[in-house]
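Note that the chains are named A, B, C and D in the order they appear, and that numbering of residues resets to 1 at the start of each chain.
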Amino acid sequence: MADYTDNEMMALTAGRFIKNGDIVFAGTGVSMLAATAAKRIYAPKAVIFFETGGVDPSLDEIPMAVADLRTMSGTCLNSGLIEAFSIVGHKRLHTIAFLGAAQIDRYGNLNTTVIGDYHRPKTRFSGSGGACDVASLASGVITFMQHQKKRFVEKLDYLTSVGWYDGGDSRQKLGLPRGGALAVVTNLGVMKFDKTTRAMYLAEHYPGVTVERIEENTGFAIDTSQAKESAPPTAEELRILREEVDPQKLML
Amino acid sequence: MALYPEIEDKLMNPGEAVRRFIRNGSQIAIGGFTITRNPMAIAYEIVRQGIRDIHLVCHSHGQALDVLIGAGCVARCEIAYGGNGRYAPTCFRFKSAVQRGKILFEDYSNYQMSLRFLAGALGIPFIPTKSGLGSDLIKLEGFPPEIRREKKIASKKYVVTQNPFNEDDDKIVLLPALNPDVALIHAQYVGEDGTVRIKGLTFADIEQAKSADAVIVTCEEIVPRSFIRLDPDQNSLPHFFVDAIVRVPYGAHPTATYAFYDSDAKHLNFYKKMAKDDETWKAYLDEWVYGVQSHEQYLEKLGATALLAIKANTVVGYAVGLDRK
Amino acid sequence: MALYPEIEDKLMNPGEAVRRFIRNGSQIAIGGFTITRNPMAIAYEIVRQGIRDIHLVCHSHGQALDVLIGAGCVARCEIAYGGNGRYAPTCFRFKSAVQRGKILFEDYSNYQMSLRFLAGALGIPFIPTKSGLGSDLIKLEGFPPEIRREKKIASKKYVVTQNPFNEDDDKIVLLPALNPDVALIHAQYVGEDGTVRIKGLTFADIEQAKSADAVIVTCEEIVPRSFIRLDPDQNSLPHFFVDAIVRVPYGAHPTATYAFYDSDAKHLNFYKKMAKDDETWKAYLDEWVYGVQSHEQYLEKLGATALLAIKANTVVGYAVGLDRK
Amino acid sequence: MADYTDNEMMALTAGRFIKNGDIVFAGTGVSMLAATAAKRIYAPKAVIFFETGGVDPSLDEIPMAVADLRTMSGTCLNSGLIEAFSIVGHKRLHTIAFLGAAQIDRYGNLNTTVIGDYHRPKTRFSGSGGACDVASLASGVITFMQHQKKRFVEKLDYLTSVGWYDGGDSRQKLGLPRGGALAVVTNLGVMKFDKTTRAMYLAEHYPGVTVERIEENTGFAIDTSQAKESAPPTAEELRILREEVDPQKLML
């Protein structure tokens, strides 16, 4: 058993998707870790920003929410939501958003609103927040999930945020010319989406996680033919994550 | 001679502000975002005055939303997000009220709600966006038809239409403007001339204030005209958009105010514990809202140590090294 | 080691900025307003490089507009106002070009043009307004139909439609978004991290910059990262919206730059005299634009006395007591 | 012959229309004098603002244009055009705009665009600027004119800014629920508009100006039955105008 946690593996795995020049939309929790890790380790010229209007904060301390005062300190711009979302969808920018969800389907559509009937739900979640917006407007979305059957479902109880919709070119047909689901990073591995059908497939399983275990925890049939085992995090990656990204151990 | 003659008629305490501008059934926009700059002093006063049937319109809200819903003041809300980040992934009283069918709600997204406030501020009836195409936000309405006939409720939740400037298929969502009865804003500074200055992120506060029929501004400090007018590039609202000016230091506690104080993690964790079930929630309200007469008493109850712990470093804007676990 | 490593690849002189980002036929948005913060250094360079067939999109423009039109660089403009206040109720070369049929033009209003830039900045295809109902702005198109088929030209000047959220008769004007090829902005400060800060009124500069495919920013000063990031509430544009950064002190002369220098009344009155007829206008261009190789030479020609006369008081922002007759 | 100029009489006459609490939209020239005079003499609690985004400047020196640096000094807010025009049309505010024009018709509609054909005009003017916007959105418009037959016309060459349109309730029918032409202040007198027909009538003729002279200089029939002679400016009004509003004599 290697000495790193699920959160650490998820943050580093997602962070590797970020390239220099990317404009990264970060939410709370693991996505905050992933965005910060990406900038400190893989893409120093990426820009982290928040839906609340803070662009490129110094992040000397990790924010606990997107409205945390730490999202507005040392920034290049303090603005508001309209400015922030106009950045998310801006045609000149390559914007990558980190999201989380309660449910996801095979086309990467997300539910963060309810379990059960919308009007009288069994469980009510926080709601869209900015998720529906970035799913509609960003260049690409990376979603964090706990890998469980009840979360990887055939049909969402509520479609909060559009991924590849019904697959194929159905997203474009909706009137959303760009964006879509890039990857899903879970506590077991990494899923990506087929370029044509836009259906989810297993790209990576973490060291010590079997393909079978992932299949058992996915509520729909998933192509595993291209699955590779992920490389474990290096000591240096873990050091930066623990000592520089979240030294206060607020999220690790 | 009044201390601030230019704003004499607008200066008042939270009790008077609520009595004068908020009624049962009022449509209210709350400024701030989740754990920052919530107008808590006014929210607590609304609870103490027993205001009912509030129609809340907000983007991402946490503390004020949850307290108002938990105290039974809210009948409906149009909302994008009810949570407090790490302190409450979903606000507890909001969650329980929805699951028990105690409030009516209609879901929008953060950008959509912000654009709806912008449309209201610009005096235009709707504004287009690509956000939401294909989502259930657009498919499912939360409010029953009879509510749609009310004056301040949009006749339709959304309209999806073709872009008339494009001959090819090009769908777009039209969002109805919002014009709430009252907007509640917490700012760092109000000038003795009534000018409002918000420091740090403004969220959608300025659009909310300009979209509303009345605006209550609570502030940390009232500052000299000579200061607020020396660099007007930094100001947020002219005096003529403000109806009530209420000076309440720590008026956003337990949420944060940039350059003044951080979110009170200790109190938010305590709140989380208390808000989880009905019994402890009632105890929290009794102790922290009904049990105090004023925000001053509330702060006295919190105590100097708690307030000093969250005091922001005035240069970096937050409480450096604060234990936020 | 470069002086400003973070923006090394964006720092250039006016000549290079024009060569890299402006072509014959480019659609260009000019920042500033009548006699303030016109990007004159770039405008003069466009003239010197002999760029032709420019499509200008602007709200109220004066000096840069008139120089570009007068030098024959402009084929068309979408415009709200061509004037320089008291120095030119109607810009002279603009007036003469229109009256001689030398340029195509389409009239909008200031608010309409600003909203069109906002729509472009937000990435929405149109934005509604009540402004213009009943006016000839809406009745008369300035461009012939063949131009309407071009990619960056609105397929219709306006669409007047019914508000779909209202069952009663409620007409509204839809304005087509603008997305110019290039926006030319003159700012007081650019940080060594590329952050842009405009002081004083921003006019529609920020919307223009965000609506454009490329942005050239000229500035009075390049300032330390530590300064520009100390109070980010005051900043105007993040670095990722800026393609070219050109340091040109007095880069807006003879128009003004708040806190740096006032409008040069003496030169604007001289311009007025020279712009009135074709002969003197040619002489003005030969002497003040073609006759100098760079903005530095232009300033040297103006001389120290002229520059010192208009130097702004850095606290009040303008040149106190300046003779503006 | 009294010792005051047309500009002085026009500025003071227009200034008297402003009440405390009014939000006053000022343009260049006489309208700048009128707005400043109003605040210094008649309505100290009026707020002067400019379409460029400057709200309530100190006006220690008079601006020569709405983008003059003096419109952004000592203000309560420095913003931009969108903010300024959202103030003009704001439902909560009573906004009065001062405009000028090349032509005006009996319903107070204005032309500041062209004389002759629109596409190939005999004379091209500056264009709408913000005039069309404030005419559409403000609570009321006061227009300054040189009183000449060629300027007071039966039919405008181009309708830039809507006043009462075709009279009666035709403005409301256009979709403009508020606003309209309040008054026209010229070098000869003051015109107002009938509450029902919305047609222009002569309300005041300046001292020494005959009703006949005004009729001769108006290109359409105008009701003069309610015309009264204006009071001349007082010495104190002239002193403030000359010594405080425009001491540099830039517009006087």
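By definition in this document, contacts are C-beta pairs under 8 Å (C-beta built on N, C-alpha and C of every residue); 3 or more make two chains touch, one makes a residue touch a chain.
For clarity, every value in this text was computed on a predicted model and none was experimentally measured.
For the pairs A-B and A-C, the count of C-beta pairs in contact is higher at A-B.
Between chain B and chain C the centroid-to-centroid distance comes to 38 Å (mean Cα coordinates, whole Å).
Separating the centre of chain A from that of chain B, both taken as means of CA atoms, is a distance of 28 Å. Chain A and chain C have Cα centroids lying 40 Å from one another.
Centre-to-centre separation between chain A and chain D, using Cα means, comes to 57 Å.
In chain D, the positions touching at least two other chains are 72, 74, 78, 82, 89, 137.
In chain C, 122-123, 130, 170, 172, 200, 233 are the positions where the chain touches two or more neighbouring chains simultaneously. Taken chain by chain, the contacts fit none of the simple shapes, being neither an open path, a ring, a star, nor a full set of pairwise contacts.
Applying the touch criterion to all chain pairs gives A-B, A-C, B-C, B-D, C-D. On chain A, the positions that touch chain C within their shared complex are 23, 47, 55-56, 58, 72, 74-78, 82, 86-87, 89-93, 137.
Of all the residues in chain B, the ones that touch chain D in their complex are 121-123, 179, 191, 193-195, 210, 213, 228-229, 232-233, 235-241.
Touching chain B in their complex are the following residues of chain A: 28-29, 51-54, 60-61, 64-74, 78-82, 85, 88-89, 113, 118-133, 135-137, 158-162, 165, 171, 174-176, 248, 250-251. By the touch rule above, chain C contacts chain B in their complex via residues 122-130, 154-156, 159, 161, 163-167, 170, 172, 174, 176, 199-200, 230-231, 233-234, 315. Within the complex formed with chain A, the residues of chain B that make contact are 32-37, 59-60, 79-87, 89-91, 94-95, 98-99, 101, 107-112, 114-115, 118, 130-137, 139-140, 142, 169-172, 200-207, 256, 258, 262-263, 265, 312, 316-318, 320-321, 324-325.
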